[in-house]
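There are structures below to look over.
Shared between the two complexes below is subunit A, which pairs with subunit B and subunit C, respectively.
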Partner chain A sequence: MNKKKWFAVVLTGLFALTLLAGCGNSGKETLNLYSWVDNFDEDMIKKFEEENNVKVNYTNFANNEELLAKLKAGGADYDLIQPSDYMVASMIKQDLLEPLDLNNIPNFQYVTDRFKNPEYDPDNKYSIIYTSGVTGIAYNKKYVTEEPKHWEDLWNAKYKGKVLLLDDNREVIGMSLKKAGKSNSSTNDEEISAAVDDLRNLVPNVLAFDTDSIKQKMIAEEGWIAMMWSGDAAFTQAENPDIEFVVPEEGSTIWSDNYAIPKGAKNKALAEKFINFMLDPQNSAKNYESIGYSNPVTEAKQYQSEEYNNNHMINLTDDELGRTEWLLDVGDKIQMYDRFWSELKSGR
Partner chain B sequence: MKSNTLNRKNPLLSIHSFLMMAFIYIPVIVIIVYSFNDSRLSMSWEGFTFDWYLSLLDNRNVMEALKNSLIIALTSTIVSTVLGTMAAIAMRKLMSKSKGAIAGLLYMPIVVPDIIMGLSLLVLFSQLGLDLGKTTVIIAHITFSISYVYVIVSSRMANMGNQLEEAASDLGATQWETFRYVVLPSIWPGVIAGALIAFTLSIDDFLISFFVAGPNSSTLPIYIYSSVKRGISPEINALCTIMILVSVALIILAQWLLNRGNREEKKTSMLPF
Partner chain C sequence: MNKRWFGILSPVVLWLCFFMMVPMIAVVGVSFLSRDTVGNLVWTFNISNYTRFFDPLYLGIYWDTIWLSVLTTLLCLLLSYPLAYYITTAGPRTQKWMLIGVTVPFWINFLIRTYAWVLILRTQGLVNMGLEQLGMISEPMQLLYTKGAVLLGMVYTFIPYMVLPIYVSLEQMDKRQLEAASDLGASRWSAFWRVTLPQTKSGIMTGGVLVFVTTTGMFVITDILGGAKSQMLSNIIQNQFLSARDWPFGAALSVIFMISSLIIIWLFNRALRSKYESAKEARA
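Up next is the complex of A and B:
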């Protein structure tokens, strides 16, 4: 072969490869889903793909801020995303979401009333709930013999060095505010600093501020009593049956993950179809049971196993949910939360 | 020999090196050991199992990420090896004063922090209106791999000398024939070593991919990163173990190829980083 031919062959090969890489899927319609890791049952995704002859591209983010950054940078064509409650509010404010057409999502009727029309997205204009959880107290019966009923119990001197807190300023300061009977999204300077002063007295009891491995620390019994999300508590209880969970009487914080469609999504109709599919009572029963989160579709109860239905941490009572509050945007006061938080953690 | 006597004379030195090695390798060893742990929690040891490796095979998301990683690594390796080798050859012929400056530019991506590479590529892609996806990740990986291939191939060429090429042209070989039958065979180990390094870097890269990835382009490192939030399951340990083993194997192969080529000249060269 002469020089020219050789180069021609190499170049053609390269172009072919790049093209191949560029379009891996064979012309099928695709739904680009961007969500948390393992947030859906794989079989349900497969079922959706088969029923509609489409492909679901499921990519993951690790936190809401990463999701926001990806959307704002532009260029990434996601059709369906799953932001948490406060992130929905912030995305609406920044005009990053496409309004949903609820006519295309008839199964929305099955969502329990409590989770319709949430404060962060009135009238469900932009989002529909996917799952939710509540911050409460997880404790180990072996060491904490009396059932804790109040946040106050974390302050008990008996638990010195055995208390675990979430590593999250809004959650922890919000908890202290709830303890004092205030809103967890207070913007009142005095309320906030009183709550932080109170937390300073809790610090000697604290083993760690930890969100990511708090479950391991409870299971290994390094910590006796912890501020924990209900879903994580269900997971720890499955591993260590001595662990129990309560939602304190003065109330606590609730969070949710939601479906939303980013502005300019190419496959909006397919994304809505997917939401509708997942909200179908039978489908949702299968999906939520497999991933182990709370199902907002109450009609699904009849299709779910006893074991799932009886798990208190997944199916919180109306009474417990009734005393919870969403974390709302606190505007500029977030700087105050941030400053107090770093002071608190550095022990000043 | 010299180092042996040093060791015998100075026990502190061997203690020091042992501690350094432990510091570097203990985290890796822990990951490998716990990938065989028969418990969903990384904390306590409950017995030996291969289950996590098997369940990896069943995990559609892991397989998808693996497929993406391989497509991206193969494509970017081929392109960057060709371009990097061409750059090395061109630079050798270059006599101009600007040679140093151009060589510096070629080294640059090795020195520039990944986060800046990632960010600048992201800005570039969105300015160009290019949709983020596999193509953008491949372009990004080619960008940084070229430098590594260039460095390895040109260090190989530095050992080659001009005589062979001159002899070939004296004997009537065309430029192309000289390249094809004289230059290429003698730099071949360097080219392959460069390709292996490029492949390893592409498979391992997180930061740059993280910035420029879009739908349908999650690589293994990105998948691992987003899984950690859920608690580190032994499945992730198993995945990391496989990645470590593959990377180590490729690096050893690259090193071996570089030295095999050099042995005739009684020189050993280490990878330059």
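Up next is the complex of A and C:
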């Protein structure tokens, strides 16, 4: 055989080997966890693997729509997923989730009452909260000297060209609806168009629409005042101590990421074991402190550092949480939101 | 292609045809369906996704997209032609290095290069800090998140796509014709206009199409450098597949976009060809 042929043979062999390696299995039980990037403390995952002699296969999605598309396409064998609130509702409607057996998750008792029995999944039939956050106003004290208390403050002409908004039609139109004292999930045509008309006056103040790197824009002081998620605000403040965060008085939007098990999961029992493990007060303290999001397990307070417990952006008060509202599915009206959004952003 | 080659290549050709055609057919197929309230596809044939496009909102966004793409293409051409010309006049060794210089940006991820522009243009960025140090401005200028920043990012990103084809066509040109033109008394300008330019039009065409088509499909630059304040048609299409969960409308927009791009390329092609062909005929 000449050199080229040898090369081809070797290459084919290597290719076959990699294929086989893909099928390789250590014989351990595997939990296929599909979630957001960096959503768990790696040490806690390792601890779970060791205690139960299993393997956790943790893969990531970038947004809820990607998760939904994967589930609907079938074929993907996930045991445990982490959809957001509205996506849980949508998945229940489309019969994509397996009911949870709460008897296998005794640590569910530790979840604070506020986050039990949520509107998007009554009685926690299909989901348990993982973490949550609230949309509010982040501002830089150097430039915004008076503490903003209302959404109206974003409209202030002083902040022209310095306002940052989330790049998300439901969040922004929902904010304008809350400002007018309406539900952030309104399906009333007049309410929605009035809210959008109000936003048209805000657009000249806007520096940029951004969800993914809005934090950098505040840290670098490009923007002075922003509509921001509480968790992102905590991160931003750690980098730039001039930044503060408030939940406006007329209320705002709350979101959550949840545990859920997709229909037909191969390892439902192991998934429930994982949820239970993560809800254990001591485990949860370590996990949430590492990822920097809020912990729904109140019993974990005693195991958490003072610094974490005192962060008001991670531990929102009952009063602040009390004036928030979930974004609910608006059905066909989403097309109206989408159209108005295109109008707003293209200045038409 | 003789039979022997066909035998060897046919699997590749079939593979390509299959994987090119199947997604295309799927897109066209979906564009005639409709959606239910949760965003699932409903198998009822209708053309409403196409009629929805003829709404002043979407037509306006379409016009913005085309206009920005035309502007980018023209600016790229204006900057690239002299550069490519300059490269061909250099010695072979220098030429090699200059060409590497043009392609170097391709070695770095496009997103990273775009974020580098954020660092340069932002209020605490290189330009503003530099000008402030020099005492030329007292307050930082708002350079980022403007239409100008978007145009700058587009031209920067797509210039190599224009330089390389023009360079190739300049390289292949028969230089003796320039000597002939000068022997016949043509000025250097008229020699360029009547000899060089017509002979490099294939390069201009290729570069123009590459830049135009990629610009129309671009939405990352408008998001990062434009602060997502303007909408390209691609942004609208992306929204249909994600937040609006309206795949049929997104698919219809894609089909319209594809067809209109083909028409524009065809028109562009024809305009260039007819101009020079009529010029040739006039000379003959």
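Please note the rule applied: the second predicted complex is superposed on the first by the 327 of 348 C-alpha atoms of A that agree within 3 Å, B and C clash if a C-alpha of one lies under 4 Å from a C-alpha of the other, contacts with A are read in each partner's own complex, and residues count from 1 in each chain.
Basically, contacts are C-beta pairs under 8 Å (C-beta built on N, C-alpha and C of every residue); 3 or more make two chains touch, one makes a residue touch a chain.
Everything numeric here is computed off the predicted structure, so don't read it as measured data.
Visitor: Determine, under the contact definition given at the top, whether A:Ser346 touches first (subunit B), second (subunit C), both, or neither.
Guide: In the superposition, A:Ser346 touches subunit C alone.
Visitor: Let me test your reading of the model: by the given contact rule, A:Ala76 touches which partner, first (subunit B), second (subunit C), both or neither?
Guide: first
Visitor: Considering only the touch criterion stated at the top, classify A:Glu239 as touching first (subunit B), second (subunit C), both, or neither.
Guide: first
Visitor: On the A-aligned overlay, A:Phe209 touches which partner chain: subunit B = first, subunit C = second, or both, or neither?
Guide: A:Phe209: touches subunit C, not subunit B.
Visitor: Under the stated touch criterion, which partner chain does A:Ile219 make contact with: subunit B (first), subunit C (second), both, or neither?
Guide: Touch partner of A:Ile219: subunit B, not subunit C.
Visitor: Could you look at A:Val37 and tell me whether it touches subunit B, subunit C, both or neither (first, second, both, neither)?
Guide: So A:Val37 only meets subunit B here.
Visitor: With the two structures laid over each other on chain A, which partner does A:Gln302 touch: subunit B (first), subunit C (second), both, or neither?
Guide: After superposition on chain A, A:Gln302 lies in contact with neither partner.
Visitor: Using the touch definition from the top, say if A:Asn63 reaches subunit B (first), subunit C (second), both or neither.
Guide: both
Visitor: Could you tell me which stretches of subunit A are touched by subunit B in one complex and by subunit C in the other?
Guide: Subunit A residues touching both partners: 63, 220.
Visitor: In their shared complex, at which residues does subunit A touch subunit B?
Guide: Where subunit A meets subunit B, its residues are 2-3, 10, 13-14, 17-18, 20-22, 24-25, 30, 32, 34, 36-38, 42, 57-63, 73-78, 212-213, 215-216, 219-220, 235, 239.
Visitor: Name, in rising order, each residue of subunit B that touches subunit A in their complex.
Guide: 40-44, 59-61, 64, 71-72, 74-75, 78-79, 82, 122, 125-126, 129-136, 138, 176, 211, 213-218, 222-223, 225-231
Visitor: Which positions of subunit A touch subunit C when the two form their complex?
Guide: Interface residues on the subunit A side: 63, 65, 72, 90, 93-94, 161, 167-170, 206-210, 220-222, 329, 331-332, 334-335, 337-339, 341-343, 345-348.
Visitor: Which residues, counting only subunit C, touch subunit A once they are in their complex?
Guide: 37-40, 56-58, 60-61, 64, 122-124, 142, 144-145, 223, 227-231, 235-236, 239-246
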